[in-house]
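Quick notes on the structure that follows.
Order of writing sets the labels: A, B, C, D and E. Residues in every chain begin at 1.
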């Protein structure tokens, strides 16, 4: 029964993809969207069924759909593994996915490619489900690239916009860098274990040498860095905001970008073997968290702020992985899915209300006009800022606390500063969007309206989840989630940590969050000219932040341009040198022929003859019965014979 | 007794003279004559060998060479006449 | 010394084909003289009838296995001789068919044309049987004298005259060399018959003698550096004569070369193999490279012929039975492709009066059949499978690789590519270029017959060469020292040309 | 004595040969060739080859050379100003070297082929003509016949080339 | 009864000669529509025959099946030997499949000399089939060379580029140059066999038959020499990296149909896996050979990809992407392990769908804009959504997206390469990134963004015939991508035999010396 349910989970959206993809034009948008969210809903129900089963029995399920790639010592099945970790991911993916699908019905209403949108979204669901459900690396990889593809398609949803098209390509290509790393990891795993199934790999993981473990872990990390938009490959994610907002919520906040975290947690057995790799993971996570947060401070596009905040939050998760707090990472992944989806969708609601305006400098004072959206956005903000008792606090604090108690003070410091900044820029967003006086132009202002219920209801659901989601991990380190995940994510060695320390850290974190709020309040509510003063004072820093540290430009300069230049150079080389060589040979042949003919005419037969070849037919000569060139011909024969004689004499040494 | 190689030397010299004649003379008839010299060189050789090797074959070959030289001379001169006549006529025209 | 002519009727039987053809030759002459108003087509068919009869006779000999030798072993009628005789008679038939249309260009003596062609064929038949130096000389001159006349047959045409006189001068020059070479060889060995010359000492006299003989034969086959007459003569001669000249005398000369090198000089193989390698490389490279620049179809084919001779010499250079089998086979494939190509040149020049490559533009549209045939023949010449030429080249190359002639093979292979280049130029003209004149071309019946025969030959030998390979293999059975390819001939493992 | 005759005939032949090639006027060349042929026939005498001597004098000197002279007269060729090819010097130098080389090779080369079946005594006893005749009509009969047809061909060929009958009217042509 | 028929019926001969006979039949028709219909009928019949073979093919077997063996030129040991095994059977099907599509594609895109075109196309099919079916090396060579003739005319007469004459000539001469060396290699194999056969008194004394040649040992030095000779032949045709310059020209100047064949049917690399590796296992394993070829392969991957990145013309881009893909195939082959070989084999088949498919797309674009230059496109997705979708889909298959056929092949190749050498594998993996970059970048500029200036307003989306082509290809892409088992099963047996042969060298003869028939 459970096996059947497991098989059904990805099938429903797949069915919807096929129906909508091929027949979508034949029926109305209503049918299309019902099919779309209905299929996700069914998957969600199946997931709950599976979840309940796992909850009761506690045993993972491994289901083989069919044999996929095989031959020699390699067998790769299209098979699913559902264990607690997968369960959590499934719940998040299908649950949040369902909500976002429903939300999209309202948000995308009237769009030209409505059916196309839902087809892509469902395709994404299929891929994401494969990603989290696969029982081996290759199925994971299908999902991994599949979600990349859907991300590509959805970012480029407004494909006639150049920026969208560019952002889509960029996302895919940058992701491919990570994918390449991931592929290498897969190959290394196969070479070492002769199998690619998780269970078999993890069963013999202890035989791995530390160096190999480091290599594999780092390659996996490259994959995760690409997908989860970590330093240095994060640049695609902010650009990905070109896609419709539900896409940003689902793919670029809640699910796809967390795949890297999922993957690291899934492979924690390998990471655990390599302290070096762990350190690198942690440092990358911490740096990203801090780095992205600083950029978020000054961005003016509502979705970009959220995007940088996503990068930053993903940094926390990776940081969690790097310090061994796998459960915490997954916990944060989950809560982040709730509140970030909420934030994005609310932002979408704002944008929807403002007929597409995304620049926060042109907003303001919206709290009264779209009250539901405002409230829900605020909930999300409080959650992400880490103010208890909302979800974000518990998960983030767990990571911070883990870092502190495991003596990663530097990482802790980075994370703490990041938390402060997070709180600051999120509240900055709230203030600029919802408070103060309106900076909208007149035309837009007239059309501001609250979103329809089909959008608001999912928001509410997410809002509730953002509020209560944190209690799944309460009390810290010993919550339900921890127990549930213990068989998969491991508990790590128990640290005897005093409750006092934990409480102190909690209070400190709360304090940071509140400080951020306070600062935001000061800058954007009390003293409205302060930000400009500050910006003017630290012009260079401001400019750097505003331009995102010029990373895109740097990459262009470092990689893109040189590659293009190299390409042009090679192209020139190919056309002129290699092909030129060929042409030269051809010309040489022609030239040789002409030369030989010329030589025949003027050297062999008449080069010595002053009269020349041209007039050997002259009548006067003929009347005199003269032989013209014949004697030259004869001479050639004689010379040839003589040459042969010499050759023979040389051979025989007569 | 005259050594065989004396004959060979004479014939070789004649052969070379004939060869050079072919190479350096412009007049067709004289070229033809030069070839006759070459053929004569061959016959000298053949007859000499025939004598010294006490085999008639050489003389026979020499005889056939003379016969064939005759035939070829006829053809050659005919060709020369054709060419010559043709040119005269084209010149007149 | 007594008179000892012992010829039985069974001995005369061996001479039957030649006697038959000689009588026919006289008949042709008599009919030509007696019926001056006889249309020349009829005389042509009459000549062909005689040739067919001869061919039938030869085929009977071949099938019945009638072989033997006459006149103190000077006239050898072995299977190889039969092969070459059939080859020569066959090519003569094709040439006569191809010339029926062309004859009207001759203002005088149309009947004598057939006489001379058949006479040359007769001479070449004797060459195929010639097993001694005297026969070689006599038969060679006999066949050549016909060609002297034939080449200059277009009496009004300057080019033909020029060709005739050049060919003649160089021809008798070669005869002089041959005569002197024969005299020297005779002096050193005291023998004329090839098979009696085995195991003689190598002296300068012998070397120079054989070299001169080789020069004369090389002149016949047109191998570099004895090739100089070929382009001008081919260009100037009446096209059917050129076609004849380009295949039959070469085959006959090869018969002599094979006998000379494989029998008389078998012990000197390492030496002659080397200089044949050199000649072969020179011929292939020179012929192909110069052919690229040719604008005239006849000259192009002339140079390509020089190159083909280079290919054939590869077989000679191997000095093995397989090599000579391959040579025979190659000659057959060359016969069809070559005569076919020339027949097209005749047809085109009959139709449009030009032999320039440029005037072949659009032939594909003006006469698809001609163009297609030409394509097949050119590709066969280039050695594209599954046409006959490919199998021929393959055969020869396999034989050569077996002997380790890698340098030769490499040059040969590169030459195939070069040759493809200029053949493709012609193909391009025929199929791609726009015709100057779109009117369709008329092809006469006899030429069509020639083309069908050549096409059939080219394709059949290419697709099912088995009977032909069997034939050529059996043709060479008489060389006992070559019968077993692993026999202990003084074969150096690898041969590096030019005295390394 | 024989040596003296040999020396005379040899040197005279060579001198005549040089003259044939070197003389300016074609008729003079023909006459020089005649001298050469006659002196060569003298060499034949020294070699006991009377029959060949006769053939040389009658056929070669008598018939062939007369034909040459006849044609020369017929065509009435004038003396050629540049009777050598203008480039003959370029040929002469290498040719001379080559000639000396070949000559040196040949003179040192032994010519000791197998003795044949016609000892000189027998030839002297029966006469050269008899010996030649016996051979020609036994072993060399075939070549003899071929030469017969060859001469026929030569006659026809010469006629074909040189005679100018009325052109054939084109009534049979298409 | 059908069973009996199948066991005696010379089906491979039928497959081989049906198209060329069909071509002759076409000669009889004058009506152009009639010609088209007949050509399609013949191509479909051919496809049906190959499908029959594919269905009756016994999978997981290394045996030569449907074998037909008749002596051809016994004097030289040449025979007419046709058979399919796991290595070749899929190519046979692919050839028939692509030919059908080309005929459909050419239905209204080829407007002049339709009859000749169809005849050339069918003749080309026969020769290609011959290359895949022949077990006798000379027979193989015959078809290999014969391919040039229809190809030459196809490029020359129906090519669209200004330099098509040059391209055709270059193509022919290049291939010829390589193949003449190959011929020497083949002859050396024969000679080696001959020496061994005379020593052991084996019959026949000469042979060009693959199975016979496999049964004799070849000294290592000889093997390496032969290997390089064959390598030249195959490398020129494939084309492997430094010998590639004919490809962009031929593909760009030639007609789409020809480009599909050239890019879709990887004859050169097929030659490696069919002949070089099994016949010369010791040479294939030797260090220099592997190093040189691996370096060339890796260079091809990067070179092709980087070149593709900057191409302005779609067909040139495809040409270089082909070169890059071939680099993958080559390194897969010379990884010399199961996954590498299997992956290469599968990739060769895949390219027949994806690269060939992209050429069809190029053809669709060309028939709309009379150009494949980037400057004549832009934002076409808006006007031609179907075209854009298929373009993207097939393109993604070509860059190896999981779920499409491209992924499986590439994955196996890279896995095999990694098994063999980390270094080459590591470099090759970067090709994955570049391929995405060049394809998507081009796609973005051609299809996405605002409507290009040169794009006509009246531009039509795909027509039914074009949709048929694109869908057929897409179905195959998805089929192999999602459920490759039937394909993998067909090749597994032969690949295993190949791996065994590589391990044992030439001394041990292959197991299945006797060909079996399906019965």
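The rule is short, and it goes like this: contacts are C-beta pairs under 8 Å (C-beta built on N, C-alpha and C of every residue); 3 or more make two chains touch, one makes a residue touch a chain.
Please read all numbers here as calculations on a predicted model, not as lab measurements.
Taking the mean Cα position of each chain as its centre, A sits at the greatest distance from chain C.
Using the mean of the Cα atoms as each chain's centre, the chain most removed from chain E is D. Distance from per-chain Cα centroids to the pooled protein Cα centroid is smallest for E.
By count of C-beta pairs in contact, B-D exceeds the other of the chain pairs B-C and B-D. Centroids of chain B and chain D (each the mean of its C-alpha atoms) stand 4 Å apart. Averaged Cα coordinates give chain C a centre that lies 29 Å from the centre of chain D. Remark: chain C and chain E have CA centroids separated by 42 Å (rounded to whole angstrom).
If you average the Cα atoms of chain B and of chain E, the two centres end up 66 Å apart. Multi-chain contact residues of chain C (touching two or more other chains): 134, 138, 141, 145, 148-149, 152, 155, 158, 162, 165, 169, 173, 177, 184, 186-187, 190-191, 203-205, 208, 421. Multi-chain contact residues of chain A (touching two or more other chains): 624-627, 630-631, 634-635, 638-639, 645, 654. Under the contact definition stated at the top, the residues of chain D that touch 2 or more other chains are 75, 77, 80, 85, 91, 95, 102, 105-106, 109, 111, 113-118, 123, 131, 134, 140, 143, 147, 150, 153-154, 157, 159, 161. For chain C in complex with chain A, the residues that touch the partner chain are 158, 162, 165-166, 169-170, 173-174, 177, 202-204, 207-208, 211-212, 214-215, 219, 224-226, 228-229, 270-271, 274-275, 278-279, 286, 289-294, 418, 421, 498-499.
Here chain B touches chain C in the complex through residues 4, 8, 11, 15, 18-19, 22, 28, 31-32, 35, 38-39, 41-43, 45-46, 48-49, 53, 55, 57-58, 60-61, 64-65, 68, 71-72, 75-76, 78-80, 82-83, 86, 90, going by the rule given at the top. Against chain B, the residues of chain C that register as touching in their complex are 133-134, 137-138, 141, 145, 148-149, 152, 155-156, 158, 161-162, 164-165, 168-169, 172-173, 175-177, 179-180, 182-184, 186-187, 190-192, 205. Those residues of chain D whose C-beta lies close enough to touch chain C in the complex are 102, 105-106, 108-118, 122-123, 126, 130-131, 134, 137-143, 146-147, 149-150, 153-154, 156-157, 159-161, 163-165, 167-168, 170, 172-174. Touching chain B in their complex are the following residues of chain A: 619, 622-627, 630-631, 634-635, 638.
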